[in-house]
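What follows is a pair of complexes built around chain A, which joins chain B in one and chain C in the other.
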Partner chain A sequence: MIRRHGWTLGLVGILLVLLVVTRIIQPTYGAAGVQGLAVSVLPLAFAAVAQAIAVIARGIDLSVGSMMALTSVISASLMEDRSEGFAVLVVIGVLLIGCVLGAVNGSLIVVTRVPDIVVTLAMLFVWAGCALLVLGTPGGGSAEWLRSLTGGSILNAWIPKAALLLLVIVAAIWIPIRRSRLGLSLYAIGSDPLAAYRSGVSVARTKIFAYTLTGLFSAFAGLTLTATTGIGTPVPGPYTLLSVAAVVLGGVSLAGGRGGVFGPIVAVVILSLLRTDMTFLNVNTNLATVAQGLILVGVVMVGSLLQLRKREP
Partner chain B sequence: MTDTATTTDSRPRWLTTTGLRALFRERPIIPLIGLLAVLVVVSELIRPGIVNLNWGGVMVRAAVPLAILAGCQTMTMLTGGIDLSVGAVASMSGFVVATLVGGPGLATGILVALAVAAIVGLISGIGVGIFRVHPLIMTLGMSLVVLGFANVWQIQMVQTGSGVPDQFRDLGAGIFLGFVPRSLLLFLPLAILIILGLNRTGYGRLLYAIGDNPIASRLSGARSWQVLIVLYVISAVLAGVAGFLYSGLTNVASVTLADTAVLPSVAAAVIGGTSIMGGRGGYGGTMIGALILTVISSILSSLGYPEAVRQILFGALIIFVAAAYTRVTET
Partner chain C sequence: MTASTKEYLLEASDVSKRYGAVVALKSASLRVRPGEAHALMGANGAGKSTLVKVLTGAVRPDEGTITVRGRERMAHSPAEARRGGLVSVYQEPALIPDLDISSNLRLTETPLEPFRDWVHQLGLGKLDLSRMARDLPLATLRIIDLARALAIRPDVLMLDEITAALPANLTESVLEVVASERGGEGSIIFISHRMTEIASVCDRATVLREGVTVGVVDISADSADRIVELMLGEAVGEMPERTERPALASQGNEVPRLEVRSLGSSGRLRDVSFDVRAGEVVGLVALEGQGQDELFDILAGSEHASTGEVLVDGRPVSFRHPADAIRAGIVFVPADRAEALLMQRSVRENIALPFSAPISGWGPIRRSKEKPKVDKAIDTLQIDTRAQKEVRLLSGGNQQKVTIARWVAGGVQTMLCFDPTRGIDIRTKHQVYLLLRDLAEAGAAVLIYTSELSEIQLVCDRAIVIFGGEVVAEIDASEADEATLLRAAHNLRSDALLPEEIVAAVVAAEEEADGAGEEPAHPTPGEEPGDDRGSDETSDL
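Take a look at the complex of A and B:
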């Protein structure tokens, strides 16, 4: 148990230390700060989960950011000035659209046999273009209940609704899948597609399934983007890049077949908290970008060094 | 199933499916030139009279910086890598020169910009070559670092920034003999150097070897880490040079100027027949790929289509061409 979840537990430890450090730097940092943190990391956390699933299945999805932009503008433009009830339909519809986007990505990869990275790079253009067609400039609106679902706290001032929402959604979708045959196949095609094929796993179908899940979680990310900002923005943010960073930091091997979705979520919170700390310390925000890049590269370097040492004793 | 066609058919070899496939596989540049010709005809049909030497000059002028960035992608992709930091490096170098030209002068500006680019490439190369970080991650991380530092520099230099130097404007946007873009004076020697370097030197051969089979190339004595470090330095310096042309062409010096060119540069290399898995491709196709993308953009903008449609078409084109290559090279 500890061995298997060692990386994630280590990350949680780092997160706790960081929270203490934050408290020391800024003694006023309290429940409100934690709430703000939870709300601000919500879209990126979903994006990281989406990316993690693609990477576990030995893929990579560079179109996560564009899918988020597309689902965000669709939901924002449909929900503007409409009833609260209609928004429920919009949310369900947008989640379905997310599945379709992901399934299109996966099917194209399987059918064309072009490497994942090229196909999703191309789809990055396509989905971003579609987002611009839906909404030329930032705009639209969000239903009130959706906004209140992510803001504020529940039970206790220290438990932000946003964090609970994230955990409930991810756990409700991911844990059953992971325990099912499909989840096993997902990890199987990630660690060795040939062995998986020979033991009767349909590699093509599993891959499409993995990308569909990636699309679904990208849609969640896009919806929370609309919910937390109140509008839809057609230009993709830096989410694709950061999601890859979070996945790597979160202990998912880029070679596939290893890791889970909770490590990346913790990694997202750590990255965001580091940024907050640097703001408290009056570090230039641009240097914070530099630090993010260095952390990303540094962690991957250490990770691959450890792997190299394991392989060549 | 196509084997029988070649033996029984009396048509010329290149007319048969197998022949066409072989042509596409061995000389991808020929169908690419065909595609380019079709696009030129389409431009002419949409706006009769538009296609002339001036138009050609404008197309080439717009394609040159993209072709240089696509050269970075071609070389890194040959080894199975990719360089996503070219946009940040190109923007940075154009910006650095624009801020330095007023004070220390143009030559110093160029030297500083290229030196910074070389350092960025060196770090990327060390990460990829020695630490075996995935090139995608390494270069993405480096582009964050470069962008961050460029922003810091921008804040420092905001008072002294003096704009794009005249020489760059001349080089990037100037035209001589009526229609020949001046940037060709820089680009042609560069292109010849890249093509000769890839085809005629041991170093070029090593790039193909590493991309084709890293283990075999290591067993036969290639020190891939040295090759990769040099490669990423070359790639970053080329990106820096492209940055000069971009700032000259657009007369803008900004830290995000060339960011939008990163994905088209990958697209140009992929369309030009370079495999992202490494080991196959060349620069000739890439140059045609850059021209094809430029002509498509111009067609779309002359039709009045918004940026969005251009992006969608670019994406679709990349998948289509990549799928076509995968089909012909697998059989």
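Take a look at the complex of A and C:
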């Protein structure tokens, strides 16, 4: 059990150390800081989960950021000046749209047999364009209940609602799937597509399902983006690449078949906290980005070395 | 023991498949009776694999019908084929490396109890289902794959080269199982190149040649020649006997080309010592997992020895990288052709590889211009030039020829071959044997490891048998018949029972029991000293 989740536990350890370091750098960093952290990482965390699922199935989805944008602007423009009740329909509708977007990606990959990276690269532009068509500039609005769902804390000043929301949604969707035969098939096609095929797994259907899940979680990311910022953003920033970084840091093998979704979530928090710390240390923003990249490479290298060492007695 | 009814369990007729200009199958047919073990044979490129892929639904034929129990069933995927009662077990186990065994079983909805029974019957005693598939040795995975297939009681079970690269003890169990399944409700299609095995467990054989079914043979004592004839399309002479080569054999004072002293590693290799002289072909014989993998890896330079030393031409060497070994004149032809070849590149490029790499290949054959050498190599080996484009399009046997050809063209001092003729048809095998002999005659020292014991007398001057990481016997080729080698490999007394004899005993006991209407009892090879070791081996797995 420890070995299976070793990487994630290691990341949690790093996170805890980092929290202590943050506290040392900035003694006033407390519940409010944690709260702010949770809210700011929420969209990226969902994006990381989305990407993780695609990568586990031996794929990659470069359109995660664009799907986020599209779902964000659709929800924002539909929710603007409408009733709270309507917003519930919007949320459900947008989640379904996310599934459809993902299913389109997956189907194209399966039907055209073009590599995942190429198809999703193309769809990146398609979805991004659609987002701009819906909302040319940031705008729209978000329902109140949605905003309050992600802001503030619950039970305790230290437990941000955002964190709870993230964990509940991910666990409710991913854990049952992970335990089912469908989940096994996902890992199977990522680990060895030929063996999976010979074992009777429908590789095509499983792949489409994986990308549909990616689309769903991208929609969650887009919705939370709207919820936390209050508006829809057609061009939200480098979420796609950051999601890949989080996935790699989170212990998911780019070769497929290995890893989970919780590692990338912790990775997202670590990356974000690092950023915050460098701000506290008054490090030049651009330098901070360089440092972030170096740290990412360093951690992945050390982690891989440790894993390799374990394999060879 | 075949059912005398004319009704077939599986009938494939007029199956045709072409890939562009290449005709893989042309009106091929296969008819299997219920309860029989039916061999499917043919040379490399004859269409066996294509036919199997058609049956299992991995490939859609251009024409043809397939009926199972009288109903037409054209499967479009392995999943569909399985639902139709047709299950295949391939050489590469279809297990997901990153999942543990129980997850793998859940994935294929394998019933657990029958699976465990079969695993036990196949000779793997204690199997920990929580182990990850990638951590288990290949032989174990293949047995698991087989047990998985047997557990669902398929109508037709297709075993594709199931005994290739299996250690002798597991091969024994597999053959026993195949033999005992005969006469039941399902049938077995047995694809193999090993005549002795086919002769001991199969009822009939269908022979393919160039995509066409050329004959169906009832297996009997002398059907082997007929089968080979059908496969090759002409009468095949015996491989010429080795003649003594007095010139080299008498060079007893000369320093051996390759010498191994008390070599051991942290794995299963304990203490191995032997030498190989220039002009000799030495054959290494061992059951799986006796240390031969580690030995070859050390000699090839990809692993370190923990004890002992290796000497080349009398000088101790220490390899930190395969390039060091190559510089010392040692070339390694691995069993897995994918490890040795650049699959996407052409035959020519693969053969010419040693020339482009800045390594001097010194050897008895002086290097000259590349092209004539490469051409000669291609000619000598009669590599099927149909697909000279990319190596990955060649059949397994031709790929193997390419791996050897590249070193022939460049000159070889010492050649290490690990299971060079695994899964290759007879004609190509003979070509490879001749090639290895020619290499030795030209002055190279050749060390081969083979799981096909009949090869030893055809190619080698002497055999070295390894058991438990140590050399237990050194046998001259003239005395190294299959029976002797097998006993030595098991580290048995010379009067112990052989696998074929055990199988024959099983079959005989069953026939007797059928006649008497009782449960057949398996003969217990309890007197063999090897028996105790048997349980140790299974727990290692």
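Everything below uses one rule, namely that the second predicted complex is superposed on the first by the 294 of 313 C-alpha atoms of A that agree within 3 Å, B and C clash if a C-alpha of one lies under 4 Å from a C-alpha of the other, contacts with A are read in each partner's own complex, and residues count from 1 in each chain.
Operating definition for what follows: contacts are C-beta pairs under 8 Å (C-beta built on N, C-alpha and C of every residue); 3 or more make two chains touch, one makes a residue touch a chain.
Everything numeric in this text was worked out from a predicted model, so none of it was measured.
Asks: Determine, for the superposed model, which of the two partners chain B and chain C contacts more residues of chain A.
Replies: B
Asks: By the touch definition at the top of the document, which applies to A:L305: first (chain B), second (chain C), both, or neither?
Replies: In the superposition, A:L305 contacts chain B only.
Asks: Examine A:L9 and indicate which partner it touches, taking first as chain B and second as chain C; both and neither are also allowed.
Replies: Neither chain B nor chain C is touched by A:L9.
Asks: Now for A:I177: first (chain B), second (chain C), both, or neither, which partner does it touch?
Replies: After superposition on chain A, A:I177 lies in contact with neither partner.
Asks: I'd like to know which partner A:G257 touches here: chain B for first, chain C for second, both or neither.
Replies: second
Asks: Per the contact definition in the header, classify A:S199: touching chain B only (first), chain C only (second), both, or neither.
Replies: A:S199: touches chain C, not chain B.
Asks: Looking at A:Y187, would you say it contacts chain B, chain C, both, or neither? Reply first, second, both or neither.
Replies: After superposing on A, A:Y187 lies in contact with chain C but is clear of chain B.
Asks: Spell out the residues on chain B that touch chain A in their complex, using ranges where they run on.
Replies: For chain B paired with chain A, touching residues are 82, 127, 131-134, 136-138, 140-145, 147-149, 151-152, 155, 263, 266-267, 270, 276-277, 306-312, 314-316, 318-319, 322-323, 326, 330.
Asks: Could you list, by residue number, the parts of chain A that touch chain C in their complex?
Replies: Listed in rising order, the residues of chain A that touch chain C are 181, 184-185, 187-188, 190-192, 194-202, 257-258, 313.
Asks: Which positions of chain C touch chain A when the two form their complex?
Replies: Result: residues 58, 77-79, 82, 88, 90, 92-99, 103-104, 106-109, 266 of chain C touch chain A.
Asks: Could you please specify the touching residues of chain A with respect to chain B in the complex?
Replies: Contact set of chain A toward chain B: 60, 108, 111-115, 117-119, 121-126, 128-133, 136, 241, 244-245, 248, 254, 284, 286-294, 296-297, 300-301, 304-305, 308.
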